[in-house]
Every structure is written in C-alpha cells, then in structure tokens.
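Note that subunit A is present in both complexes that follow, paired respectively with subunit B and with subunit C.
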Partner chain A sequence: MNSDNEQFLIQPVSAAPRPTDSSASQVSLQELVPGLVQRWVDRGGQATTGQLNRSGNRQWSIKVPASSLADFCRHLLRSLPLYLITMVGLDERERSGSYRLYYVFGVDKSKEFLVVETEIKDGIPGSLLYQSITPLVPAANWYEREARDLFGLIPQGHPDPRRVVLHRHWPDGVRPLRKDFDGAYQPPFVLDDDEFRNRTGGEGIVEIPVGPIHAGVIEPGHFRFSAVGEQIVNLEARFFFTHRGVEKQVEGLDVERAVFVVERNCAACTVSSTLAYCQALEDLGGTVIPENAAYLRLVFAEMERLYNHVGDLGNICAGIGFHAGSQRGLFLKEELLALNETLLGSRYLFGLIRPGGVRRGLNHAGRWALREKLWWLREQNTKLVKLILGNDGVVDRFTNTGVLKNSSAFHLGAVGVAARASGVDRDERRDHPYGAYQHLQPTSIPVLQNGDVYARFLIRVEEVNTSIELLLQALEVMNQHFQEEPTLAVPLGDLPAFQSAFSLTESARGSNCHWLMTGPNNTLYRYRIRTASYANWPVVPRAVLNNIVPDFPLINKSFELCYSCLDR
Partner chain B sequence: MGFFEGLARIGFAIIQIGFVLALAPLVQGFIKTLKARRQFRLGPALWQPYYDILKYFSRGEVVSEHTSWISRVTPYLVFGCMAAAAGLLPLFTQAPLAFAADLIFFVYLFGLARVFTVLAGLDSGSAFGGMGSSREMMVAVLVEPGLMLVLFAAALRAGSTNLSDIITRFSSSGFNTFTPSHLLGAAGIAILVVAETGRLPVDNPDTHLELTMIHEGMLLEYSGRSLALMLWATNIKQLLIISLAVNLFVPWGVTASLEPVPILVGLLFYLLKVLGVAAALGLVEMLRPKVRLFKLPVFMLSAFILAFLAVIADNVVR
Partner chain C sequence: MLNKTIGNIINRVVTNSYPEKSKAVPENLRGRPEVILESCSGAGECARACPTGAISLNPWRIDLGKCVFCGQCAEVCPSKAIKLTHDFELAARKREDLVVGPKGEPVEAELARATALQPAGTAANYPPRLLQPPEEQSQEAAELAGPNPAPAIPQSLPLPLLTLSPKRRALPMSLTNPGSEGDLEVMENHLKERIGRLLQRSLHIRHLDSGSCNGCDWELTTLLGPVQDIQRLGLDFVASPRHADLLLVTGVMTRNLTIAAIRTYRAMPEPRLVVAVGACGCSGGVFTTNYAGGGGTDTVLPVDVYIPGCPPRPQALIHGLLLATGRLEQHKKENLKAGS
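What follows is the complex of A and B.
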C-alpha cells in the first residue's frame, strides 16, 4: 500500500520550476513577462498584458480566455518560479455581464506580482466553465472549489470535484457570493450523506472520525483518519463548518465602516489582517500615512506576533501533556495580553488600525513600559526554551514528528512558520516590505530544513527574539523622531471606483493576503480574505502522514492554525 | 474460626473497604491540587472528586442503543472487583480477608476489571473507545509480567503468596527487609505504579485530546451512574496500587496486632506513605511529558528487567 501516492490526489502534472538554491539570482518579471506573452501570442494564444505600480511593488496583469487559462499558466510556469498567493472570484454581471477570476502569483526573491485574469461570460447555467489550474498548481485546490461553491464557476479538469465551503446540507444552486443573492436569506438545511473518499479502504484499515465537536473548547473541524493500527495512512480534514458570510457582509459597506467587520474576522491575526486591508485601500487612494503611524503599525504587528508565538510555544507542550511548559507559556502569554490591554486598551489589539493610520498612539510612559516588558520577555523566553528543550522527553517527542517535506510545503503554498521550518524561505516583511518594514527589518529570518515539530518550535523561538529586537529598534526610532502626540492618521480621501488592489502582511502564522475591489462612493464591491491559516491547512494532512494517531494533536498544535479564518 | 470471630472479620472487612472507598477520591483530589499549585494555579477544590462522583450519580444516563449487556454490567463489575480487592490488602494491620489475599488472586481481580473495561470500550463501537481499548491492552501486556515478577520476588523471600502474610512478615523484620532484591523490586514497582494508575508519562489523565487517550478513551461513552462508578473505581484502583507498592516495599507501620494503639499508629503511617507517593506521582506529572506510545515497551521493559533482577538477586544475595 503506497499511501504516499494514493493520498495525494493532486500532484503537479508538470512540476513548476523551483528555485533550487535559496540564493538564486533574482527573477525579473520586467525582462521575462513581455517576451513570454509575445511567444504565447505568436503561437496563436490570446493574452493582453498591463502593468501597475503600487507602493513599490510592481504588478503585472495578464488577461487570458477562460478556455486556455491552464495552458497559459503552464506556459508561464515553464519559465517562471511562480507560487500562488490567492485567487479571487468576482461577480461582475451588472457591469460587464461576466464573472472574473484573478489568480495572484508571487515570485520568490522578487517584489513583483503577476495577476492572471480571466473572464467567464454569463450564459445558460452549466456553461460557466474555465480551465482548472489545480493539476498544475496544487495550491489552487481550495480556491477553485470555493469559487464553484460560492459563484457556480466550474473548474474543468479539477481532480477533486467535491464541495469545500458549502457542505452538502446547503441546497444545490445556492451561490452566496453572487450579487443577486440576498445575504439575509437563510437556505433550508438539506440532509445529505457525507462525501468522504474512502481511498484507503482495505483489510486492517480503520477509519477514525474525530470532530467537528471535540472534547475541549476548540473550533469545529472534522478529521477523518484512516489508520493501520496506530499509523496514519490518510487524513481527510474538513473545515468551513460555520460559514459566516463575512465577505458578503462587507459588500456595499463604506470602507471606513467595513474595517470593524474586517478586524473581527479573526482575533489572533486582527492587526495583520486589518493592516493588509488598510494598506490595500491606501494603495488605491494613494494615501501616504504619517511616518509615526507606520511605526506604530509595526509595533502593533510585532506585539501581536509576540503574544501569539509565546502562547504557541507553550501550547505545543500541551499536545504532549508537558504541564510545566504549557503553563509557563500560558503565563507569559497572559502577561503580554495584559500589557496589550494596559497600553492599548484591548487584549487582542482590536481597533488599533484604521485606513489612513492608527487610532491610538504610545506616549513616553507607554513606550517605556513596553520596553521594560520586552527586556523581561527576552529573559523569560530564554528560560521557557530552556525549560522545554532541556527536557529530553520533550525533545524526543518533537524530533522527526510531523515532517512536512519541502516539496509539499512549496507546491501546496505553505506560508509563515510552517513554510520556513520546511526550507521555504518566505516572509512578507522582507519579501514585500510594507509600512515601516521598508526601513526596519528583522535582523534575521530563521529558516530550517527538517520540517518537523522541533523545527517549527525553533522557528518560533527565534522569531520571538527577532521580534523583541525589532520592537526595541522601532521604539528607539520613535523616541528620537516622534513627538508624543503627532497626527495618528490622515483622511483616506476618495477612492477610484471599481479598482482592485491587494496587500500582503506577515502575521504570526504567515502571510495574510487581502484583496479588494472598490465600488462607487468609497464602498467595497468585493473583498477576499486569505489568511495564513487558509494557505496552511491543506499542508497539515501531508505532515500527518505515516505518523501515529496519538501524535496528531502535537502536530496540529505545531502548526497552530485558525478555523475561523476559513469560516469567512 | 469461631462464629463471633468470623462476624468480627466481616465487620472489619466492611470498615476497611468503606475506608478505602472513602479515601480514594481524596487521593485523586490531593494529586490534582498539588499539580495545580506547582503550576501556580488555584486548581479545583481538594474535594472536587467527591463532588464529581456525587454529581454523576444524580445525573441521568445515556446508553447507546448499539451497546450490549457488557456496557451495562461493566461499571458494577469493575467497582465490585475494586471493592473486593480493597478487602484483600493489608493497609495498616493484617488484611480483613487475609484468608483470600493470595497475590495472584489480587492481581487478577485487577485483570478481570481491566478485561471488562476494555470490552466495554469496544462495545459501543466508537472510534475512541476502540483506540483506548487497544492501547490499554498493549499497556496491560507490558505491565502484567513485570508486576507478577515483582510480587513473586517478594513472595519468594517471604515464603508465602499470601499478601497479608508477606507484608506483615516484612514489617516485622525491620531493616533486614531491605535486601538488594527488595530494593530492585521497589524500583521496578515504582515504574509500574505510574503505568497502572494511568499517569504521565504513560497516560495523561487530564487530557481533552481524544486521540491521545488510553484509559479515558474507554470511558468516553459512559455517563451518569455508570460514569460515577467507573471514575470511583479508577480512584480506588489508584489508591490500591499505591497502597500495595508502599506497604510491600516500605512496610513500616503495618502491624500484625489488632490493638487500637498500634492500629492508630499504623493508620497514620499509612496515610503519610500514601500521600508521599501521591505527591511523587504529581511531581512526575509536572516534569515529564507523555512518552511516545511506541516507546512505552522500552519504559515497561525496564520495570520488567528490574523485577527479573529482583528474583535473581533473591537467590544470589540473601
């Protein structure tokens, strides 16, 4: 039984070229894209290119017909080491009588983006077809299935035709993100069978269903293991149990009001998410935020990273019942949350970021309090790591558990800690610097090759340290250059209607990408949230393979992904 | 044995069994409170296990329609086994049911309870029950030989397989008890106590992570009165295992007489010893993470080897 091949239904057909060496020379889209498109057109293909310049990040946008989408992507991937950042569906029938899909690609070691855009003419139901790129880019799996669930756009040649966002109890034909769907409508609950693929059936293989309701207070997620004895040969994970319709909700809202919905999409990454949303708006409006606000944003983002990472370090220990470590981690996290509340009025840093700047600043006393806490935390972090990694039993459990292979991490589009622990060197703070990160960079971005729980643990440890240093530097700059009460924000101004923009920020879990399109009068026309958890969940089943069942909670905690980031 | 002597024995047995039944949740509460304090938490009340058991007794019970008689019988059977075992063990004086206190009988009362718990875990057909059962059997297979060997080593030295005789004999021989064989056996049983009481690093009794459970996994389908009995039985088993270990290997205070003063002194010693071991178990839980499931054999094998050495040492160095 070769579970490795059986489980992985989505293999890249023609493996995309990959940067073999992390120090590979930079790829310049500027030089390559026009030639590539020209060659495509010469061969009889259709494509039109455009170019945009947004806050230092150049974007290439290429329009291709839906029927040759995958062919064109294959053509591109032969020469360019692209990775998928996000994919957005858009219902534009009112304006142009068609649906649109945007595939946003990034290039490692480059600040440029490439957006492949396609148009699907509205017609008789069932004719909304386009060529799926999932066989080519496995990371596109969920995005394309989601576009089918929410818009009814059918990816042809997609290897996994099951639903993903709307479970089977949603009636057929309900397409919540279409413009003519009333967000207040509550579809009836249709009882239907589960649709699990029993791809690993056979003698001695036991299916273990876990969740969506768990023994602890955990968000809903269903994990279906196929195991031989204790060894996991397949894991199917299903999420999206509590679809909230956040993206539908903000459509038509004023951008300044929508920010209150956006920031509450997920508590653990509220700063980085709101930041990405606001940056996208500021890109569109050409708003230049006060430098003081840019530094404050960096401070908030790093404070968010700190409490998340410190809490995660402890929480990983809970997966193996190591109480000394998990309680210590909880204690440190609580100290940081309490600090957040004292300094900024919110334990989880809600309500700090707004379009055009920030809502609250830090006075001298606050900066000092933060600095002292950071010194304290630097010591405490060392002690915590000593306590945890000084225990041979812990190290034994961490090592070689839940290995995520470098190739899986790359092809499935992993981001953040999960990617960096598996040798995929990506960090938005360095790759696409935003705000104050253009001036201040983390001293180092740790990257490890092993991809096991231990590696993910070490990456977090190191990032706590670099975050502390970065924060201290930022405070230094603020003390030297900024008064106590400078302007915190500037007005956003009028945004051009029906323009799209996206922005990437690095949260504690990895890159968050927020894509938005404006409507008339500073409203939102379409908004697409892709947080780090959305990108990383598909890699968890890969990391779990061939481990034993009782190690799953540990592996899961080492990724520490968020469920509500999926239930948008 | 005269009629009145027999009656007195029955009365004594009832008192001792009642004592163990009443004390067992307290030991559980003590370990929990101790752990909480070590973690800088307030933790649940010391009496919480009593409240829990009382609460479950007053709650309604949900029984899956897919279960057989095994699920219904098991809680009573397991509880009965534990209560019977409580009468067989000399705690601070000779055992009330000393005539039946054969160590093989004692160990296999636990075995019977375990087999039925495992069957009940399988009975409901839930995935977690099945996983718990298979893991429990794996642990049982590893624990039992070690435990039997430790007890046999003690029996060889005492020249009897009657627990009551062994322990009272050890306690009356003072420091001469501490032969190499005795110390090896004590080291072996220290490991086995952790495994048999289902504590870290073997099993995590406090976890909510279903996939890692061993003992808790088998009880997941129980509710109400059955759950109360199963939890209580688990507490009793924990106390009995601790008592067996301390009285066998630190037999001070166990008296052969039935006079009130030695019995009171014995009682005091007994409580101190039990709380000492309970504290040690709590501390180990704080300091050790759960060992990887497939490394358990190595852990248990060390207990078995120690027990084996205890038997050899008994014959070589006397």
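What follows is the complex of A and C.
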C-alpha cells in the first residue's frame, strides 16, 4: 500500500534507454544512409536511394526488391535506431503494373525519416509475395495483415496469418482497396464464426468473451480473456467492427471535400487528424499558411488535448467505480466542451481546420474567455488530482496495475501517453515540430519509467499543466502580433499528381500519421490513416497479462484508445 | 467529512434543468440552416458545396438527417442568404419529417420521402444524383425497391433475411414501408400510446455503437455526468439489452457490426424502441454506402425516433429521448409554418 499524497508531483525523466542506440548524440542519416546502402549493394543486394525535402524534415527513400525486404531491414536495424511509423500499401497497377509498399520509419534523435519502398509485380496469380518484416519489427504486424486483407499481398514469414480487417463473414478474394474493386459492391455474408488462435485450453482455464457490444457507453470491440481464477493469462482482441471503408471512400475525391470525411473519422482527435491531413497536402502544394492560422491550429490542437486529458483523468476513475472522481472529471470536461461550443461553434471542434489554414478564428473576446477558463482549469485540475490521489484505495488500484514494459512499448511501436509512461520518450511536437510548434514548445515533456496505470495518470496530469501553459503563451503571442480579423486561410493551389506525402501530429492519445498520394486534378489517389490508437492497441493485450480480470476496464481506460480511428 | 458536507452545501448546483428551463444557447451554435428566400439568388452553390448532399433544389429543401451542421452552405452562398439558426431540437418520429423547407417548415410528403431516399455521403461521383428533378428521384427509388414493394414490417422480424439482402440494405425500412393505410395508422397510434404509458416515467436505455466516430458516444457519456444528469428524468443506461426498453444507436451501420446489432435488438424484450442518433444514425452522414456497409440505422432496424446532429448536443439527445417516450412533442413545426 503506497499512499503518499504528494506523489503526484512528478520528476520528469528525460533520457530513456534505447534498445538499439548506444550513442547519445544526434543521429545523422546524411552520413549513415549512403554508406549503409553501399555496403548492402557491395554484398550483392539491390537498393537505390533518393532524398526528398518536405517541410524541413528530410525523407530518405530506399527502394529494395520485395524478396529481400526483411533482409535489408535487418541490415538497417543493425546500425540505425529505427522505429516503424506506418506502412502503406498502394495499388499502382494502372500506372506501373505493380503494387507498392511503403514502410515509413522514424529515427530516434533525428528529425529525418526513412522510407523503405518495395514493388510487387502483378502477374501470375500467387506471385503477390513479399518478405514480412514482422519477425524483425513486431510493430508491423497489423499493417502487413491489413495489406493482405485489403490488397491480397501476402507477407511471407508472417507469424500470424489470420484476417484482421475483414472478419470471417467476408467471402474469400474480396480485396476492397484494389483499384479495380467497385467500392459500392457489398459482398454477401458467408460465415459467422469466430477465429481465435491462442485458445489456452487446459484444466482451470476459463475463457471469457466480452463484446463487441459492451456494458458501458463505449465503442465496439471483442475481447476474449483466458483466465486462471481471476488472473488473465491471455487476451485476444478483435477490432475493425466499425470499419467504414474511409480510405476507399475518399479515393478520387477532391482534397477539399475529403476534409469532411477525414475530420469525422474520429471525434476525439478530429483536430490533430485533420491537421495531419492538411499539412500533408500543404507539403505537396508548397503552401505556406498564414502565421495567424498556424497559431490558431496550435490553440485548437491544445484545446483538444485539454478536454481529452481532463476527461480521461476522470474516466480512469470510472474504471474502478470511484464516482467522485469520474463525475468531477465529467463536469470539468463538460465545461471545456461548452467553451468549445461557445467559442468555435462545435463541442468537438469539428470544422475548424481546412487545407491552407483554418475555417474559424478567435476574436479578442474569445481569446480572453479562453484565457480565463484556462486559469480556472489550472486550479480545478489540481483539485481534481488531489481528490483522486487523496484516496488510498485509488492509489492502491493504480499502482503496479497494467504494467507496460519499456521493451514492449518500444518494439510494438507505442506512442503518446502510453509510450511516455513506459520510458519511451516520443512526442511529435518536439521530435518533428510542425506549424507553430516550431516556435512554441511545451515547457517539459514528462516521461516516466513505471508503465503502470499510475504512471499514465501522472503523465496526463502533467500534460494538462504544460498544455495550459502552452496555450497561455500562444494566446499571448496572438494578442501581441495578430489583430482582430487577419487572414484565416490561403488557397491550396494545384497539387502535383501522383506524389505522396505524409505528416505527423501529436493528438491527446499520441502521434497521428496521415499518408496520402494525390491523383490528377487535386483528388486523392490513396489515403492511409494511422492514428495513435492504431499504434497503441497492440500493446494493450501485453499490459493486461497477469492482471486480474476486474482490472481490465481500469487498464483499458488508462490507455483510453478509440476504436473508430483504428477501424476507419 | 464535515468540510466536504459544508463544501457541497456552498457549491452551486451544476445540473441544468432542461427541458423545464431551456438554457441559453451560445451565439456560435451551428443549428438548422435557414434560407432568406428574398435574397436567395438560386445559384445552387449550397447544394453543390454540401458534403453530404443534404440540400436539394426546386424547391429548396434540406434533409436534416444528412446535415452535419458544418456551415459550408452559409459560407459559399454568394448572396449570403443562408444562416445557421440556433434551432437544435430537431428530433422527429419519421424519417421524412427531417426534410424541411427554407424556414424549417415541413415539405410535401411525397417529395420529402424522395429526398430522404437519396443516399447521403461524400462520394466521388457527387453531385449528379442530387441535381436530378424530384420526379426522376422518386421513379428511381421505385426502381430500386423492385417490382414488389417490401412488405410491412411484421411483428417478428425475419431480420437476417432483411439485412442480408443487398438490395434491401440500400433503402431505409421506414421509407420502403410507408404504411399509408388508415387502420395501420390507428394501430400504430394505439401502440405508441401504450408504449408511452409503459415507458414514460422510467426508461432504460441500451447504447449500441454501430460504427460511429465516437462523437455521439461521448455526448451520451455527457448525459450521465453531473451537468445533464438524465437520471433526474427517469432515464438511465443499462448494461444489457435484456434490461433495456430503448436501443440508442449511434453511427453508420457497418457490415462488421450488422450481425451484432440484430442480435442486440432481438435480445431486447417487447415493447422496445429504437432511436437513431446523429447524421450517421439517421442517414449515414458523410460516409457513403460502400463495401463496408454504410447507411443509417434504419437500413437494419426499425427506427422510432431520429435525432439529427453531428454530434447532437446533449440537450438535443434529451429532447429526442423524451420524444420517444411521448413526454415531449415533435418540435413546433406547424407554428413555424403559420409564422413564415
């Protein structure tokens, strides 16, 4: 029993251990990549490199044959501290007669990206094979399974060949993201059966199926626990129940019109998602948005983080039935949502970001109202945390529950609060600064090592405070430099056809990566959304192992992931 | 302990008293779009700009079941004839009641039905379907429904058959079964009355997310918070459909959830009500009907009340729930008609 009330004053720890990194200095791809590729070619491998400069963050792209993809990645991983950001499949048969895969890697301590690209020739059936990198990079698991479901590209050597997006009631051979698949076609239902691989049989082991329709007001997902007594020995999670075909739907759509779909992919991270989408477009078009709009985007993004974090602090308490905390959190969140509506017309900040700028601004009165609310919130947040952590029972339930180990968080590619609570120090606002974050940075980015519910709670507490300070600073800058009615947006202009770009933003849950490729006449050719929830869901089954079943709601709420932006 | 008690006495009550006393709405609230016909130039920019195809022309009408209240119509209007009102209590018992005219007045029934039948969603081939004259629309709708119009929904629903036919999925149930005969209407009213009597004072709600963006879900969570606190109205959320009187469905009906949605509905005891929430629940909203499903709740389940909004404000949700139990009446559209 550990109940020190002052414990919530945390000391941020900055240097987290890196499994692959020995040096503490900046990693420069400029020095490393050409040498690495040269050595690979010297050994008889094939690879070509290229460079792209987009919004100050240099991208290195390396093309390798599909049959040696994993070997090449192994070669890279020996010398570079890479982590997988996203993987995108693309059907380019109309243009080049082949499929393409893009593995986007981030590099620790570097603002640069590395994109490993491979081409899979379409020819005889059964030739759509490539070397899976999942055994090397476990974070690639879902991406490769998804590419198999939606494109029919088969990752050789993948340890888990089950379907992920298309459930068992989909007929075989349906490949929705191929260009020749008619998006309006609705395949018949064939089979309604569950498919669970790691059925842990044996005496004393009970299987508990939960969902997809849950007891609370939450989104659908299926969880299957194997438990000995109360202890969870295995958890299988099934998602993609809310798969709406968003990526197929926006193909061929005008980029300005697609914004409405993009922002409604997920309500809880609508600002950061739309922001990532718009930034990718602006990158391609070389659009420079007005500085005022850049600051407004920062304000909106931080307002979104605030209402999410404050709500989550209370919501975690709902996981253990501590209603004083959860009701207080709901009250604070409601106040913030009402403020959103008063200032910007939408409680969930829909319809604020547009390509080239923002749709709505904040006038002087609005800025003042926001500032007053932030002062109020700073005080209220401290009270909320005192109320919650002042209760010994709560602290007892939080401590050492749902521990996510540093190595799991690193290898499964966790992002956001989940990663920072487990010692993986990642925050896109600092790692790949975008928009006004290039000028304004949060005062500190809290990192903890414990990886339990308590750590995730404390990270959120600290982030609420830094977010408030950041907002106050941004409002100060805006009051000084921007008058009442400055330009909100500039036209996007013509985008080059068949060019790809991606952008990362930090939402309340973690980093969102939106990858897109334009088609002719400012349309979308391919769009891939990877939100924080997509990156973080695979770590939840790791974190619940060896915990008791009644702690699952608590652990789940401490990650606070959403299903809709995972499922798309 | 004593401190807390005193603190609780001093603290103000945060719960608002909607619907007895309607709280003032914020100035920036985006509610039902309204047209000032005198200044409308008839350019049709609003219909082209609408991301869900909610606006149709000749005569100007808007399908609130599709509207996502983005304000794009007001933004693009060359003569600034459209403004967003503060009208958010838009819930209706029939899908076609959501199709309203420039001032929110009801439009002719046949036209309303045809408009509501138009698929929603931000599609690439948009907007050719929308700009067709209404006569063609209804003809097309009749073609889609096939030579034999679907039979009225029987008491025991052969749901898998209903849902698994792709043709049926394309059309909302309530619209393919107009039920225009007099005795049917009498029976319906009688049933409504009976359901109202049974459920008016204490209603148990089961929430079902059939593919929402979680905006509506978060608004439902807000209902349980101290500010809205729907328990003061005798409404509460329950954990199992077997304990529920009302199924509150948010989101588009995705294929992966169709079977679960039908099972949830079947698990509920009679009498049961279904309420579709949000633009997605009413019509599919910005999401097109595609391989992964799509369309509103009524493509699979018989819906009693539609609550438009994207997402609907908590008070709009309360209004819709009270409408479902018969404790409130549909918004005063007749008054509006008389006034306009």
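Assume the second predicted complex is superposed on the first by the 542 of 568 C-alpha atoms of A that agree within 3 Å, B and C clash if a C-alpha of one lies under 4 Å from a C-alpha of the other, contacts with A are read in each partner's own complex, and residues count from 1 in each chain.
Here, contacts are C-beta pairs under 8 Å (C-beta built on N, C-alpha and C of every residue); 3 or more make two chains touch, one makes a residue touch a chain.
If you're wondering where the values come from, they're calculated on a predicted model, not measured in any experiment.
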Where does A:327 make contact in the superposed view: on subunit B (first), on subunit C (second), on both, or on neither? both
For A:267, is the partner it touches subunit B (first), subunit C (second), both, or none of the two (neither)? second
Regarding the shared-chain residue A:208, is it in contact with subunit B (first), subunit C (second), both, or neither? first
State whether A:216 touches subunit B only (first), subunit C only (second), both chains, or neither. both
Between subunit B (first) and subunit C (second), which does A:341 come into contact with in this model arrangement: first, second, both, or neither? second
Of subunit B and subunit C, which one contacts the greater number of residues in subunit A? C
Taking the superposition as given, does A:365 touch the first partner, subunit B, the second, subunit C, both, or neither? neither
For A:288 in the superposed arrangement: first (subunit B), second (subunit C), both or neither? neither
One more residue to check, A:551. First (subunit B), second (subunit C), both or neither? first
Where on subunit A do the contacts from subunit B and from subunit C line up? 215-216, 327, 331
Across the complex, what residues on subunit C touch subunit A? 14, 26-30, 51-52, 68, 70-72, 75, 121-124, 126, 164, 166, 169, 207-215, 217-222, 224-228, 237, 239-241, 251-252, 254-257, 259-260, 264, 285-294, 310-311, 313
Help me check something: in the complex, which residues belonging to subunit A touch subunit B? 206-210, 214-216, 229-230, 317, 319-325, 327, 331, 391, 393-394, 396-397, 548-553
Within their complex, subunit A touches subunit C through residues 167, 169, 174, 176, 181, 183-189, 192, 212-213, 215-220, 240-246, 248-253, 257-258, 260-261, 264-268, 270, 311, 327, 330-331, 333-334, 337-338, 341-348, 350-351, 359, 523, 562-564, 567
The residues of subunit B that touch subunit A in their complex are 35, 39-41, 127-128, 130-131, 134, 200-201, 204, 206-212, 220, 285-295
